[in-house]
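Below are structures written as structure tokens.
Two complexes follow with chain A in common, the first pairing it with chain B and the second with chain C.
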Partner chain A sequence: MAGILPENPVYRQLLGLCPVLAVTNSLKPALTMAAATAFVLICANIMVSLLRHLLKPHLRILVFTLTIATFVTVADKLLAAFLYDMSKELGPYVPLIIVNCLIISRCEACSSKEPLWPSIVDALGQGVGFTLALGSLAFVRELLGMGSLLGFQVLPSSFPTWGILVLPPGAFLTLGVLLGTVNWWSARKS
Partner chain B sequence: MDSIISMVLIFIGAALINNFVLHYFVGICPFFGVSRKVDMAFGMGCAVTFVISIASTLSWILTYFFLRPEAAFINNVFHALGGPADIMIDLSVLSYIAYIFVIASSVQFVEMYVKKFFPALHQSFGIFLPLITTNCAILFACLEIMKNLQNPEKLWGFHEALALALGGGIGFTIAIVIMGGLREELELCEVPKALKGPGIALIVAGILAMAFMGFTGVDRGVADAISMIRN
Partner chain C sequence: MNVSVASSPHFSNMKQGTRQMMVDVILALIPTIAVSVWIFGWYSILHIGICVLTCSLTELVWKKLAGMPASVSDASGPLTGVILALSLPWSAPIYVSVLGSIFAIAIGKMIFGGLGMNLFNPAMVGRAFVMLSFAGALGASAYVYDGAPADALTQATPLTVARDVATAQEFPGLWPLLIGKTNGSLGETSSLAILLGGIFLCVRRTAAWQIPTGVVLGAVIPAAFFELLGFTAITAFDHLFAGSLLFGAFFIATDPVSSPITPKGKWIFGVGIGILIMILRTFSSYPEGVMFAVLLMNSVVPLLNRWTIPTPVGGSFPEKPNA
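And now, the complex of A and B:
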């Protein structure tokens, strides 16, 4: 379960930054994206863990990617069926989960060596950590950029919203500042 | 629309206005991982441009003939083989698996080919090639091509797909080379301890992205200029 805070995939390992930056301009798509990624991560880890005795070293990356691609197709179709608006809004970023380095690195580092239960727990921990990271970034960007949370107005309308934060540059700036805050906080604690 | 103008629009759109890295955030991993030195950044950019063109060509062919909902070719084959005439095949559910397979195998082939026939080139960017398999920029280009081939109103031709791929690859190279230059200078600066490394790189990338927002509208101007010259 180290993936939640001490080895957080985004703030500590800087993995899978593409969706972290791309879909966090408000909270709702960010949480949907995190759920989809966690679903694929857990399913792929279970599958790879079950297949681990059959894997050949030189073909393993290909097997990982094809497994992940299959589950991403499932997640994409599920989203399109039950959350059509979100699926439209996330657009190409759902299929891009296939090349999310977080999932491949967990398959490689954990589930291709460990038995079933430890890999499920590891995937859960990393999934929760990823959700936390996406959620925190989207929280800051939506609150300061639009004055709302999950679409509800939170700050008074007299608050001057920081429009740049919902635009692409705001993603880089917010993640940089949050990363600095996390580093500063953990350096002060130790 | 005139095909040259649409190619120019797609090219400038992918290279500058909606830069793959700074607007769509694809290819972020090499953008931060391999941008410490300008020459390494340039090598990575060239490798990505090279692979993205090959993968986009292959995925256009694959999508046009097989994977789009009303692909004529696969349906003609199906009906010629005795399939019921009222059933249309739609293989688009397989597209993600097919793309990732195409990307992985084309990277392998390119690496083997370059190693055999251009050893000098392999020396300079060969080490980056295996990393490119999991580069989102390449899959993103394939997905954009898929999106525009599934929409029957503006069915993209091959030239438009190639313009997108080249524009995306060159845009990636521009962004990563600028970033490499900035990070060479950053080594000499005094940065707060907590922001050292990735933190300051992200903030610099944010400012770079703001600068690239200034390109908005350039594509229309260029398109107008081309049509004026031709008249």
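And now, the complex of A and C:
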């Protein structure tokens, strides 16, 4: 469960940054993306953990990738079937979960060595941590960049919106500032 | 015998420290600030005040939090504030000045480790942030205002006028551009005041003369070509004196931290900025391109420094076999 805060995949390990930068300009796509990633992560971890005794060292990455690709296809088709607009908005980033280094790193570091239960817990922790990270980034960007949250206007319309935060540079700026704050805060605590 | 050995740089004149350089620049800006107060009235004082205050405060707070000696006595923080304020339109809302200043110091300078470490010109980083964030409040219409304190402010800026062949007739003549009776950012209107301060800086060697010369040459030559080819409605000479080209050349590009250290590098840097300004003015959707030109050239400064290492007297160092 260390993945939620002390080993947060984004703020501590800097893994899976492609969706972090690409889909966090507002909360809705960010949370959908995080849910899809968490789903794939948990399923892949369960599968790899069950298969761990059959893995051959030189073939393991191939097995991981195929397992992940299977679940990504499931997630992609589910989104397209039930959340068509969101699926359009996320575009290529859902299929790109296959190459999300966060999932492969959990397969390699945890589930290919641990029994089923610890693998599930680990995947849950990392998934929640990833959701928190995407959510916090999207929260800042949507609130200041558009004055809304989840599509609802929360700030008065007279609020000057910070247009740059919705644009791609805003992702880097927000991530950098949040990362710096997290580091500064944890450095002060110790 | 007691000999003290210090590491480089070895100053021949100990008085010329960072503080002296920054104070020099502020002195050189006095004519520009005076013209700005004459044209824009108290808006100019308001923005300069807010920016200087916010920049200094941000730097103090950051240094305090980071455990550095908290002071702004090297005057570089306040100077960033003055330059940022002078590059804003007079009608900029107050939150623009405040946010721009915080961003300029925090993200533009302190995050890299403070004075001397920053890759980009802090004032331009702050300006780029507010320009992209609040495009509505700072676009071309932010400069124009009916019933403004001075007649000049009821016109569009010279470069906005010049973009369209139909309105290019309204382009002000050389005299308003020289004394500053025209519209524009707070500090860019009077070429004469800028030249006065700029030449003072070059004579004092606070600013490297190669950079402004390079910018002017780099801008005028493509401007002449663009004029011949019909890409731009005004002459190369007008391009030189309109907008913030001269202000950028003398006060922004010459920032000693974010410009190259070698003479040859300074030439390339200046000419590059000049060419980029003309390309951006002519082909981009913005009427002015000084900010982006300076930021773009800032990003290649480390490369320029490496390319243009001067050969020491007696020949270059032998290449290391494995380097």
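Details
Heads up, the rule we're going with is that the second predicted complex is superposed on the first by the 190 of 190 C-alpha atoms of A that agree within 3 Å, B and C clash if a C-alpha of one lies under 4 Å from a C-alpha of the other, contacts with A are read in each partner's own complex, and residues count from 1 in each chain.
The working rule: contacts are C-beta pairs under 8 Å (C-beta built on N, C-alpha and C of every residue); 3 or more make two chains touch, one makes a residue touch a chain.
Predicted model, so just to flag it, every value in this text is computed and none were measured.
In the superposition on chain A, A:Ser148 makes contact with neither chain B nor chain C. Look at A:Ile164: by the touch rule set out above, it reaches both chain B and chain C. Once the two complexes are overlaid on the shared chain, A:Leu173 sits against chain B and chain C alike. Looking at the superposed arrangement, the partner reaching more residues of chain A, out of chain B and chain C, is B. When both complexes are overlaid on chain A, the residue A:Gln13 reaches neither chain B nor chain C. Residues 164, 167, 169, 173, 176-177, 180, 184 of chain A are contacted both by chain B in one complex and by chain C in the other. By the touch criterion given at the top, residues 65, 93, 95, 107, 111, 129, 132-135, 137 of chain C touch chain A in their complex. Contacts from chain A toward chain C in the complex involve residues 160-165, 167, 169, 173, 176-177, 180, 184.
Only residues 14, 17-18, 21-22, 61-62, 65-66, 69-70, 72-73, 76-77, 92, 95-96, 98-101, 104, 164, 167-173, 175-177, 179-181, 183-184, 187 of chain A touch chain B when the two sit together in their complex. Of all the residues in chain B, the ones that touch chain A in their complex are 22-29, 32, 93-94, 96-97, 100-101, 104, 133-136, 139-140, 143-144, 147, 192-195, 198-203, 205-207, 209-210, 213.
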